[in-house]
Each structure stands twice: as C-alpha cells, then as structure tokens.
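Listed next: structures, encoded as structure tokens.
Same chain, two partners: chain A is paired with chain B first, then with chain C.
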Partner chain A sequence: MIEYAWLIPVFPFLAFLLIGLLPKRTLLWENGAGYAIAGAGGALVGGPEFTWLIIGDYEVTFGLWVDQLTAVMLVVISVVGTLVVVYSGGYMHEEGVGRRRYYAEIMLFISVMYGLVISDNYLQMFIFWELVGLCSYLLIGFWYEKPSAASAAKRAFIVTRVGDIMFMAGIIILLKYAGTLNFEELFAQHPQISAAGGPISKEMLTLATLMIFGGAVGKSAQFPLHEWLPDAMEGPTTVSALIHAATMVKAGVYLTARSYPLLIQTPDSLLVVAIIGGVTALLAATVALVATDIKRVLAYSTISQLGYMILALGAGGWLVIEGNEAGGYAAAMFHLMNHGFFKALLFLCAGSVIHAVGTNDMRLMGGLKKHMPITSITMLIGAIAIAGIPPLSGFWSKDEVLAAVYSSGEFHAVFFVLWAMGVATAFLTAFYMFRMWFMTFSGEQRSEYHAHESPKLMTVPLMILAVLALTSGFALFIGSGFDSFLEGSIEDLGHFEVLEPGELAVEIFTDPLTYVSIAVAVVGILIAYRIYFMAGFDRSVFGRGVSGWFQKTLENRWYISKFYDDFAYKGVYGLSLEADLFDRYVIDGIVNGFSYLGANTGNVMRKAQSGNVQRYASLIVLGMVLLIVFMLYILPWGGW
Partner chain B sequence: MIPIEYWVIFSSLLFCIGAYGVITRRNAIVVLMCIEIMLNAANINLVAFSAYHTTLHGVADTSGQVFALFSIAIAAAEVAVGLAIILSVYRRYQTIDVDKINILRW
Partner chain C sequence: MDIWNEVGWLLPQLILILFVLLLPAMDYLFRNDKRPLAWITLVPLLTLSALVVSWLFFGEGSFAASKVPYMQVDAFSGLFMLVFLVVGIVVVLSSPEFIKKDKNQGEYYALILLAITGMTVVAEAVDLIALFVGLEIAGISSFALAGFRKSEKRSSEAATKYFIIGGFSSALTLFSISLFYGVAGTTNIAAIAGELAAPSAWITESQPMLLLALVLLIAGLGFKIAMVPFHMWAPDVYEGAPTPISGLLAAASKKMGFAALFRVFLIGVLAVKTDWEVVIGAMAIITMTVGNLIAVSQTNIKRMLAYSSVAQAGYIMIALPVGTEYALAGGMFHILTHAFMKSGAFMVVAAMGVVMIGEKLDDFKGLNKRSPFLAFAMTIFLLSLAGIPPLAGFASKFVLFSSAVYTSLDPGPSWLIWLAIAGVLNSALSLYYYARVIKYMYMDKGPEETVKVPPMTAAAIVFALAMVFIIGLFPDQFVSVCQDAAGAFPGLPFGGPE
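Showing the complex of A and B:
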C-alpha cells in the first residue's frame, strides 16, 4: 500500500490543473472536490525514490517518508481540507469568476501540503515549504484590489522568508557537515552523525538544528516573527481556517517534530525551542484579550496554541534525553490534531458570522444567538474545546502538554517557569474565547443588520467539525492509545513506556495538575461571564491607571509591529538615503564622466546607426550565418 | 540516454525560434522573452554536453552545469534590467513598440 503514497498529492494537483487550465467559463469545477481523502499511513518507510539531479558526486533524490507523524498530518489536512472546500461552496458563492482562481489555489495548496509531509529529505521538504508559502501569499492577497490585503500578503511573504532563509542555512550546514539530507540516513547515524569527512561536531549540529527551527519560527508564526499571522486575516475566512489555522502554520511544528532525532542530540536547541514556544503562547494570548476583530482574536489564539505545541516539543525533548519518555512529543502532535479541528471550526463559525453580519468588528455584533442557532452552538463547542473543559478534545491534549512541561521541570528549572506561563495562557485562553463568544452571540444587537443562518452547505461542515472537536480527544484511548501510536515514529530513539488506556485515564484524573488546568479554565470562563454577559459591569475601569497603560500596550500588540516598521523606516530607509547620496555623487559622477567621453566619440561614430534595434539584430544573424558558411564550406573548399 | 545530436538539434531549433522572434516581433516584452528563449537554448547545450561528458569518460563534467546555473542567474538579472528599461521607455513614450523607439541614432 505504502508504495502508492505518492498518489496522495497527485489528486489535488490534478484538480488544480483541471480548475486552472480548462477553458470553462461556466465554473463547472466550482467545488473542485475531485480529490480523495488520504488514508492513514502505516509504520513502513519506503516507496519509490528517484534521482532528481546530480551535483558532482552528490545525488538529490526525491522519495517518500510515511510514518505515524505523517499520518497524523495527513488526517488533519484531508479532513479539514475537504470540509473547507465544501464550506467554500457557500461562503465564496458571491465571488463570481474569482472563484476559479480561489479553488485552483486551494487545490494547489492542499497538494503541496501533502507533498510537504510525505517528503523524505530536507531539500524536497524545503521545495514544498516554499510552495505552501507561495499559496499562502496568493490566498491572503485573494482580494488584491484591497490595498490592505495586498500589503498583508507581501508582509506574510517577507516575514516568513526570514525564517525560510534560516531553514536553508540549516540545510546547507547539514549538507556540508553531515553529507546527507535524507531523513533515514541522517537519523540512522544517531547518536553520532558521521559525515563523509568525519563526525559533525556538537556545536555545528546545535547551529544546524537552531537554524532549522528558525524556519519553523517563521512558518508557525512564533515570537519574534509572529506578526504576519494576524495581518494574514485579510484573506477569505476559509483560507484563514485551512491555511492559517489548521495546516500550513502547523508545518513549522511538523518540521520541529520531524527533526526530533537531531534535536534531542542538542539540549541547548531544545531549551531555545521550549522558551520561544512558552513566550509566544503567553504573549499572543495577552494580545488576544483586547482584539476587537473576531478573526484577529482567533489569529492570536492560533499563535498562542502553536506556542503550546512548540513548548511541548522543546520540553518533551528533555524528557526523551533524561527520562527516555516521549510524552511531550506525543502531546504536541496530539494538540496539533485537536487544534486543527477545533480552530478550523472556530474560524469557519467566524466566517459564518461575518457572512451574515458583514463586519469583522465584534463591537458591532451581539445578540446573534437567536438568529444563528447552529453557528452559535457549534462555536460554543469550539470555544469550550479550546478552553480545555473535559471531556472535549482541547482538554486532553492541553493537559498532556502541561503535564509534559511540568515533568521536564525536574531536569531544568526553566521548565517550571514555562509551565507557569502555560497555565497562565490556559486561563487567558478560556477568558478571551468566551469574551469573543459573549460579545458575538449574547446580549443586545449593537448595530443595524439582518442576520440569518447560513446555508446548509456551510452549516453541515460546522456540525461535522463540532463532532470532531467533541470527540477527537478520545483518540487518546483508542487501541493502545494515541501516544504509543505516535511513538512508533521515533521508536529508534529509545524505549518508551506504554500505558493501557484505562490506566492512562486513571493517571490523568488522579494527577492534581489536571485539576489546576481545569480550574484556571473555569475561572477564566466565569470572569468572562461576569464581565461580558452579566449586565452592569463597568468596563471603563480597565482604561485607567496601570491597567490602562497595559491595555494600550496590548492594543498596540506590545509595539512589536511598530518596532519592525520603525526599524524598516528609520534604520533601513535612513541607510538607503546615505547610500543614495554616495550613488548620486560618486558613482554617477564617474559614470557621467564616461558618458561625456562616450558622447563625444559617439558624435563622430553616429552616422552608422539607424536606430532600429531589430535591423541590428537581423544584421548580426546574417553575419553569423555568413561566418558559419565561410568556416564550414569555403575554408575546406579552399584547402584549409 | 538520448543521443547528443537530438539535444543539439533541439537547442538549435529553439535558438532559431528565439532569433526569429527577436527580429520580427514589435512588442518589446515579446522581444525580451525571445531573448530568454535563445539564452535557454544555450543552457541546454551546456547541460547536454556536460552529460555527454559522462557517457564519454564516465565522469561527470560539472563545469557545464555550473555554467548553466550562472547563466540562469545572469538571465534573471537581465530580465530585471530589461523590464526596468521597458518600463521607463513606456513612461517616456507611452509605447513599447520597438519600431517606434528609434531615436538612438545619429
């Protein structure tokens, strides 16, 4: 079976070609559903491999790598991708001819995303990595007539490019010092990678893993490269759901997880990974507290949850090194899967609301519960899931993440701090999610609109995703459990303890930490209920004194965005002005001197010119033909 | 292994198509595209002979590939410069018909 895994990206690619190239004015392929849902992969590694190009004695081969990690990604991409395409049938209905471009780009995205997760070496992955970036750029700028959308697309492209360059630097280091980019060869050389010219030094490997993680920072919108993701909300909501919540931004997490056999050889890198994840989670969650744009709340929440996954990977690495246990790794991927479902659900619900109300601003919404019952209930399910209330999916994975971070605290004290940040984030998450829900669906209608429930084409995907958000957490208990399933993909790294599902449930519910995370979530929801649902709370108290200053900082997104703008404007632009002076007076001075000389010479020579470039080109070709005839026929005939 | 003659004939045809376009087309952008076709014909030759070296001697001759990469990079720069020139020509004359732009003469 596994040999046919290469067919997975082929189907959506065919759909892309059909939609994009067929000369149909009638949009026959409107729903573009011509792609199959990918099956879950097995534990085998292999499949066809072919040589793409040969450079000196190094061969670049393309191949397939399908293991449990890939399978998790494939499930998320195929399920969310299919539902988003169906939903788009309703959401993008009024777009007219633009729909064709939209579906073609979505299909291309799904295809290259599949390609990314089944790549068997870093270079092949990098190619698909850039392709998903391209699709993201195209789809953010889908409404390119709008200046804000066009500039958001450019920003997303440029910021992720910073990460991509680091990723490429990491690839180059690996190629130079380890001699191969193939996962199997790289990981088989564990624990000491021996290169063609000797073992790679620990420092070099640390640098390489840090650089590769830099790529993940860019793609998964981690601090300090996270500011592009909220801006990316300029694209259609379906795009935000598919690319900027469920799949593409997970590519960074996937890359980090994929590089695990390298990362666990470099504890320093893992520490950086964990710290960046923890900082991102808390930072993004605080900004989400004050966002008034419904999609931006979800965008910051996505960044924050991605921070969780990165944090779990970083902390989990120490667990693997010190405790020979893959809990953090499995928790991160488990959270990735659950988050894919509930965040896609939340985004699609937000899309349904925006579709009905015609604005993104939550201050203008309110009271939508009676107009849009299905959307409000499914979104409530999504909000409860992300807040981490049992037995919904978010609870299981978030609890696993926090437990992994806490237990790695015994190896390095930093992880206790990160755990505290994670718990704080859980509290903030519950609060801002319910703030959003109450502001949107409860209370009085705050502006003029005639809201109505979305068509079936949109509500059915919502209901399916809501069921997934309710139940996907129980994957923890299927068979011998999600954790042991996933640990199959890194089993070479050591032996892992496998718990029976029953014991696992007992362990989760006898651990006091579980109740800490439930308690903070409940408190967060109750505070949101008090402030945003019950009448008579004066919200202006937040605008005064220290909290007013804090609110202002948050509304300006911690001034990070401003810092980048200032840096680009004052720093780079100032430097460019200096360079411009040099260019104008020194370089141009020399050039003008020469041109003066040339002008005078040309004055004499100009008589030969007619000014028609194509005549010159014809004369050159004619001269060349004459020369060839002369050399091939006249010269031999003359005896040379 | 495709015989070397096929590559040479293919690249000559490509070159002639490009040269024909450069001479006959009126639109400066199309002329620029034709120049790209000619450049790529040369690249095909470089890579084809590099591969031919392998069949002759059993050792890959990398310099052919490297030359092709260089010329691709230079072609990219050339397009950037060419398009910039066309853009400024268009701003000045409101046309990119190469027949009309003939003041570069005595």
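Showing the complex of A and C:
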C-alpha cells in the first residue's frame, strides 16, 4: 500500500490542474470535491524511487518515505485541508470568478505539502519546501489589488526566504561531508556519522543541523523570524486556517522532527532549538494579550503554540540522549496534531464572525452570542481546548510538552527556566483566548451590524472540528497509545520505555505538575472573566505607569517589527541605494552595453535578412570561402 | 515468400509509399468533409511508431537487417525514424482544421508522408548516394508543401526561395559527393573512412580537394540544419509556409540534416578529425549565438521560433566536435525533445491561426484570458526550449552540455568546455525572448473574447505536452535508448558518467 503513497499528492495536484485549466463554466469543482484523499495507514518505510538526474557522483532521486511521523502529518493535512475547502464553498462565495484561482492555488498548496511530508531526501523536500513558500505567497496575496495584501505576501516570502537560504546551506554541508541527502542513508548511520573518523565532524554537523533548523525557524515563524505570520492575515481567513493549522508553518516543525536522528547527535543544536521555542512561545503570547484584531490574536497564539512544539522537540532530544525517553518528540507531534484541529477550528470560527460582521476589530464586535450560536459555541470549545482544560485535546498535549521539558531539566538547568516560561505561556494563553471570546461574543453590541449565523457549508466543518478538538486528545489512549505509535518512527535511536495507556493516565493524574498547568489555565480564564465579562472593571488602569509602558511595548510587538523596518529601510535600504548607484552605472552599464550590442547586432543582422534570394546564395558562397580561409590559414596559425 | 526476405527491411518505406499513392486518390472519396484523410494518414504513422517504440524501448520485435550495402537499419536509424514519425503525427493531427478550406488535401497528406519517407531513407543511408537520394525525396516534397497555398503570395514566395536555395545546396552536396568519390574511389561512408585512415599517395596529394569536399558538404548539410551562415532561408520559409508545415520543417526536416551530419562526420571523416572539429565547434557557437540574438528582435512568432530553432541546431552541433558516445546520445536526445517542444510550439501557433488570432508577438497579449489551454501549453513549450527543469528541454540540454564537460575532465582540459559554457550562456540569453512571450500571454491585456481550440489540434498539443513532461520527469529511459542508438556508431569513446 505504501508503494501507492505517491498518489497522495497527485490527487490534489490533478484537482489543481483541472480547476486551473478547465473552462470557467465548469466551476462544478468549486467545492473541491474533486479530490479524494488516500488516508494514512500506520506505515513502514518503502516505496519506489527513481533517479532523476545524475550530477557527478551524486544522484538526484525522487522517492517516498512514509513512516508514523508522515502518517500524523498526512492525517492533519487531509482532515484540515478537506474541511477548509468545504468551508471555502461558503466563505468565498462572493468572490465570483476569483474562486477559480483560489481553489487552484489551495489545491496546489495541499498537494505540495503532501509532497513535502512524503519526500525521502532533503533535496526533494527542499523543492517542495520552496513550492509551499510560493503557494503561501500566492494565497496571502490573493487580494493582490490591496496594497497591504501584496506587501504582506512579499513579506512572508522574503522573511521565510532567509530561513530557506539557511536550510539550503545545511543541505550543502550535508551533501559535501556526508555525501548523501537521502534520509535512509543519512539516518541509518546516525551513531557513526559524526563519530571520530566518521564522514562529518561534530562541529560541522552542529552547523548543518542549526542551518536546517534555521529553515524551520523561517517557515514555522519562530523568533526572530516570526513577524511575517501576523502580517499574513491579509489573505482570506480560510488561507490563514490552512497555513496555521495544516500546511506552511507545520512544515518547519515537521522538518525539525524529521531531522531528529541528526539533531540528537548535536546536543548544542538541541539547546538552541529548545531556547528559541521557549522564547517564541512566551514572547508571542505576550503580544497576543493586547492585540485587538481577532485574526492577529490567533496568529500570535499560533506562533506561541509552535514555540511549544519546537521547545518540546529541543527538550525531547535531550531526553532521548540522556534518558532514553521519546516523550518530548511524541508530545511535540501530538501537540501539532491537536493544534491543527483546534487552530483550524478557531480560524474558521473567526472567519465566520468576520463574514457576519465585516470587520476584524474585536472592539467593534461584542454580543454575537445570540446571533451566531453555533459559531460561538464551537469557538468556545476551541478556546477551552487551546487553554488546556481537561478533557479537551489541548490539555493532553500541552501537559505532555510541559512534562517533557520539566523532566529534561534533570540534564540541563536551562530546561527548568524554559519550563517556567512554558507554564507562564499556558497562563497567558488561557487569558488571551478568553479575552478574545468575551470581547467577541459576550456583552453589548458595540457597533452597527446585522449579524446572522453562517450557512451550513461553513458551520458543519466547524462542528466537525469542534468534535475533533474535544476528542483528539484521547488518541493518547487509543490502542497502544499515540506515543508508542509515533515512537516507531525513531525506534532506531534507542530503546524507549513506553507506558501502557492505563499507566499513562495514572501517571498524568498523579503528577502534581498536571495540576499546576490546569491551575494556571483556570486562573487565566478567571482573570479574563473578571476583566472582560463582568461589568465595572476599569481597564484604563493598565494604561498607567509601568504597565502602561509595558502595554505600549506589547502593542508595538516588542518593537521587533519596527526594528526590522528600521533596519530594512535605513540600514539595508541606505546600503542598497549606494549599491544601486554602483549597479546602475557600472553593472547596468555593462549589461546595457551588452544588450545594446545584442539588440543592435540583432537589428543589423536582421537587415542582412533582406528576403533577397540572390543575397542568400551569395552569403552561402561567402560562408564557404570564409570556412576555407579559416581551415587553411587560421587553424594552422592557431596551432591546430 | 522469398520476396519478403529481400524487401522486409524496407517495410516502413513501403508502407509509407503505399499510402502516398493511395491518398491523392482518396481525396475524391470525401467530397465535403476531408477530415477522414487525416485519419487515414495517421494509420501508417501510428502503426510504424508503435513498432519502433516497441523495438527501441521494450526490445520487442526488431526490423529486419538491410539487404543492400548502401542502407543500414540500426538503433540510430530507428531513433531518427521515431522522431520523424512522431513529428508527422503531431503535424497531421493539427492539419485538418488548418487547411480546412484548401484544395488538394489528399496531395498535402501524401506529400507529408513522402517527405517522411525521404527522411527515413536518410537516417538509414550509409552511402553518400543513398543519402543524397533521401535528401532529395524529402527536400522536393517539402518545397511543394511550403508552397501548398499557391494562391497565397507569402506561401509561394517562401516555396520559391526554399526551392532555389535548396537546389543550390543540393548542387553543393552533390559536388562534394563527387569530390569524395574522386579522392577515395567509393561513396560508402565507412569505406571512405577506411581510405582516409590509411592514405595512399593519391589521397595525400589531393588534400586540397578533400578540403573543398568537406566545406561543400558542411555548406550543403548546413543548409538543411540551418547552420549560420547557411540559415537565411529558414525564417522566410517558416514564416511563409502553412504553420503545420513550418513545424514539420523545424522539427523533422532539420533533424534529417543532423542524421546525415552524424553519419558522415562521425564515421566518414573521423580520420581528418582535427580539421573539422574545431570548425564545427566554432560554427556551433556562432550558430547558437546568432540564432538567439536575432530571435530577440523578432516581432513575428514564427520567425522567432525559426531563429530559436537555428539556435537549437547550434546546441545539437556540440555533439559533433565532442564526438563521444555520450555526446552523440545527448545530441540525439535533444533532437528527440526538440521534436516535441518545437512542433508543440508551432502547433500552438497553428491553433491560433485556425481561430484567427494571428501570428504577431502582439497577438499573444492576454492569451491566457482567451484560451488558458493555449497559453499554458505555449508556456511549457517555451520554458522547455529555454531548458527549465523539470521539462524535457532541461534534461536533454543537461546531457548534451555535460558531455562536453565530461570530455574536458577526462581525458583532460580541452577547448570543448567552451562549448558547454557557450551553450549555458546562450540558454540564459534565450530565456529573454521566451519569457517575453509568457509575459505577453499572462500579464498584458489583450482582446477579451475567448476562443475554442479544435479538438484534433488540441490532441496534437496535449500529446506533445505530455511528452515534454514525461521526458523531463523520467529522462532515464530515453537517455538509455539514445545511448543504444549512439552505440550503433563503432569506435566512439564513451565519455559519460558511469
């Protein structure tokens, strides 16, 4: 069955071609029913491989790599992708002809994401990686006539490109030293690859893994390359849902998880991974506290949750090395899956709200609960899930993440700090999610609008996702459990002890840390309830003194965006102005000279092409004479 | 039957000629709708190409060995035959709509088949006389085809020019053959090589005559492949001829010239190698550069494609001076891919002619709005011509250029590397005028009304399109078939990757 895994990306790609090429009237395809998804069986490695190009000693092959990690990704992409496409049927209804481009691009997006997760080598993955970047550019800039959308699309493309270059540098290092980019060949030699006498030194491998992780930082919007994601809100909300829940940003986490056999040989890289994850989680959560745009709150929460996953992967690596446990790795992917479901739910709910109200600004909403019962309830479920209240999905995976970080603290003290940051993030998350929910759905209507519930095409996907957000956490206990399933993909890295589902449940509920994370979430919700739900709280107290300064800092997103803008405008732009002079007068001069020469000779030669047959014949004779002269005199003179 | 044993190897030509004779008569069977003629024409083309594909690609069934010393059936001739046949299929598929209102359609299809017959003779010829006969069969049929619309001034002017210059070059070729015969005492290519390798006193004495023969041959065959400076006819003729015929000339007739060049130069005059390889190498660079430079300033799409095809001939010529088996395989691979992408591009232009869009570059503006299918197909063909992965043109250029690189790595540094460098630089240059068409189609505004592509033309385009993708994605199989074909030439060093 695995041999047919290549069909997975083919179906959406065919849909892309059909939608893109068929005449306009066949918008029959608009609901994307045109793509069936081969699901994801629990699977082993295998599949056909074919050689595409041979460059020197290196063969560029295309192949398949399907294991448990891939399976998890496939489930997330296919479920979220399908529901988003169905939902789009309602959401994009008013787009008219533009829908065709929209659906074609969405299909391509899903297709290349599939291609990315089933690649069996870094180069093939990189090709799809770039295609994912291209699709995100196209979709974020879907309303390209809006200047802000066009510039957001460019921003996403350029910022992630910084990561892409690093990823490419990592690939080049691996190819140079290890001689292969194939996962099977790279990972099979994982203990020896950087050992003394191995093909690659420890330092080089550390550099390579850091570079590859740099790619993940760009794609998964980690600090300091995270600012593109909030701006990417300029695209249609459905696109945001897809980017945040299933495709684009999950690619970075997937890349980090996929590179585990390399990463666990370089503890230093893992430390960097964990710190960046932890910092990102907390930083983004603080900015979400003050955001007033409903989609921006969700965007920062995505960055923050991605930080969790990256943190869990970094800490989990130390667990694998030192403690023979795969808890962190499993937790990261478990959180990725759960987050895929509840974040898709939250975004689609936000889309439903925006669809009804016509604005993104939460200050202009309020009181939507009675107009939009289904949206409000499903969004509440999403908020509870992400806040980490049992028994919803977010609780289980967030708890696993924090537990893994805490237990790796045994091996390096930094992880305790990161754990504390994680707990703080959990508190902030609960607070800002409920702040968002209360501001949107409760209280009085704060502006003029006639809200109504969205059509079934939109609410049914919401309900399905709500059910998933309620239940996907129980995957931990199905069969022999999510952890032991996922550990199959890194089983070569050590002998992991796996808890039976029953034992796991006991462990979770006897661990005091579990109650810490539940408690902070509950406190966060209660504070949000006091401030944003109960009447009579004077919010202007935040605007004064230290907290005023803090609020201002947060509203300016820690000035990171501003820093980039200043850096880009004043620094780089200034530099590029200088470079421009050089470019214009020196480089362009040369190029123009050539093109002038080219166009001119072209013109001169075109004139020789008079259409006069006699002239053609005489040119043939002239050519022959020149040939004879060349052979008789010039060649011997040149030494031939 | 005994007679089968004797002529069995001629079967492809016999089948083609049978249909050549039948078709003009059949013209009278179909009074109003002449489209069935195209279907009938496809019968021999499809049958034969199925046979050749099963022979070359799957090793099932082979063609009988030649019974006469002046023709040879081998993998090399088989591959070229396949190129001619598939171009024929594409051309015939896109013809019925194009010539819907013309008279003498039976003759039209018969001439196409006759031209292809001549080309297959050239591919199998190992004797200069047989080669010349093949060239003439193909040449004379194509003169008539170029002037098929004799009431149209442009078409008959093109045919006249083509005929005069073609006759001139035939005379040069024939003169060259007579000189070779005078020096070596034989017209068999391998025998000439044998004579030249162990020169008698007579041959040593007649070096100047040999030189003249070589130059005349380069000029004569250079006309066929539109090598600079013998290329002048090509743009005029491609522009004036009916568009499907331009496709036939660019994608098949030109390749016949290469079949002849490969045979003559890589077998026949191998002994005087040092002389001609530098000449051909220099002419390859000149040809690709001049072709690309002039293509930049063209305003008519057919002229642009004509110059692009001049440039492509320059790329293919790289195979000759490099002269390894891998280079020859690369040259033939590029001939194969060029057959698809160039005929495909011409068929797009033909389709536009059918729906009355025109063939100026400006007519491409906003084509995406009018026919997304044509715009997409044209984009793919142009990108493939420019050599963008993962399309066919990239794969074949890659093999071709890398053959020059391999040879200059092993046995050692040589000027051949400059051929690869010139090829790559020229590809970059060519992207300029290809990309301009793509920009016109997608970015610029043009007339809005949509057009409908006739189904048979669409089928031809889809076929070429599919091949461009298939070859680009799975080049392996095709490279190995081309290497088999190159293996038909004894004594070439391998010169490729393991």
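Going forward, the second predicted complex is superposed on the first by the 565 of 640 C-alpha atoms of A that agree within 3 Å, B and C clash if a C-alpha of one lies under 4 Å from a C-alpha of the other, contacts with A are read in each partner's own complex, and residues count from 1 in each chain.
Everything below uses one rule, namely that contacts are C-beta pairs under 8 Å (C-beta built on N, C-alpha and C of every residue); 3 or more make two chains touch, one makes a residue touch a chain.
Predicted model only: the values in this text are computed from it and were never measured.
Trainee: Touching A:618 in the superposition: chain B (first), chain C (second), both, neither?
Mentor: In the superposed model, A:618 contacts chain B only, not chain C.
Trainee: Looking at A:575 after the superposition, I want to know if it touches chain B, chain C, both of them or none. Which is it: first, second, both, neither?
Mentor: The answer is neither, since A:575 touches no partner chain.
Trainee: For A:628 in the superposed arrangement: first (chain B), second (chain C), both or neither?
Mentor: A:628: touches chain C, not chain B.
Trainee: Which chain, chain B or chain C, is in touch with more residues of chain A?
Mentor: Ranking chain B and chain C by residues of chain A touched puts C first.
Trainee: Just checking: does A:506 make contact with chain B only, chain C only, both, or neither of them? Give me first, second, both or neither.
Mentor: After superposing on A, A:506 lies clear of both chain B and chain C.
Trainee: Report, in rising order, the residues of chain A that make contact with chain B in one complex and with chain C in the other.
Mentor: Of chain A, residues 54, 56, 606, 608-609, 611, 613, 617 contact chain B in one complex and chain C in the other.
Trainee: Can you list the residues on chain C that touch chain A in the complex?
Mentor: 160-161, 164-165, 168-169, 172, 211-212, 214-216, 218-219, 222-223, 229-230, 232-233, 235-236, 274-276, 278-279, 282, 290, 293-294, 296-298, 372-373, 376, 390, 395, 398, 429, 450, 473-476, 497
Trainee: List the residues on chain B that touch chain A in their complex, please.
Mentor: Answer in residue numbers: 19, 22-24, 31, 60, 62, 65, 98-99, 101-106.
Trainee: For chain A, which residues count as touching chain B in their complex?
Mentor: Interface residues on chain A, with respect to chain B: 54-56, 606-614, 617-618, 621.
Trainee: Flag every residue of chain A that touches chain C in the complex, lowest number first.
Mentor: Where chain A meets chain C, its residues are 20-21, 23, 50-54, 56, 598-599, 601-603, 605-606, 608-609, 611, 613, 615-617, 619-620, 622-624, 626-628, 630-632, 635, 640.
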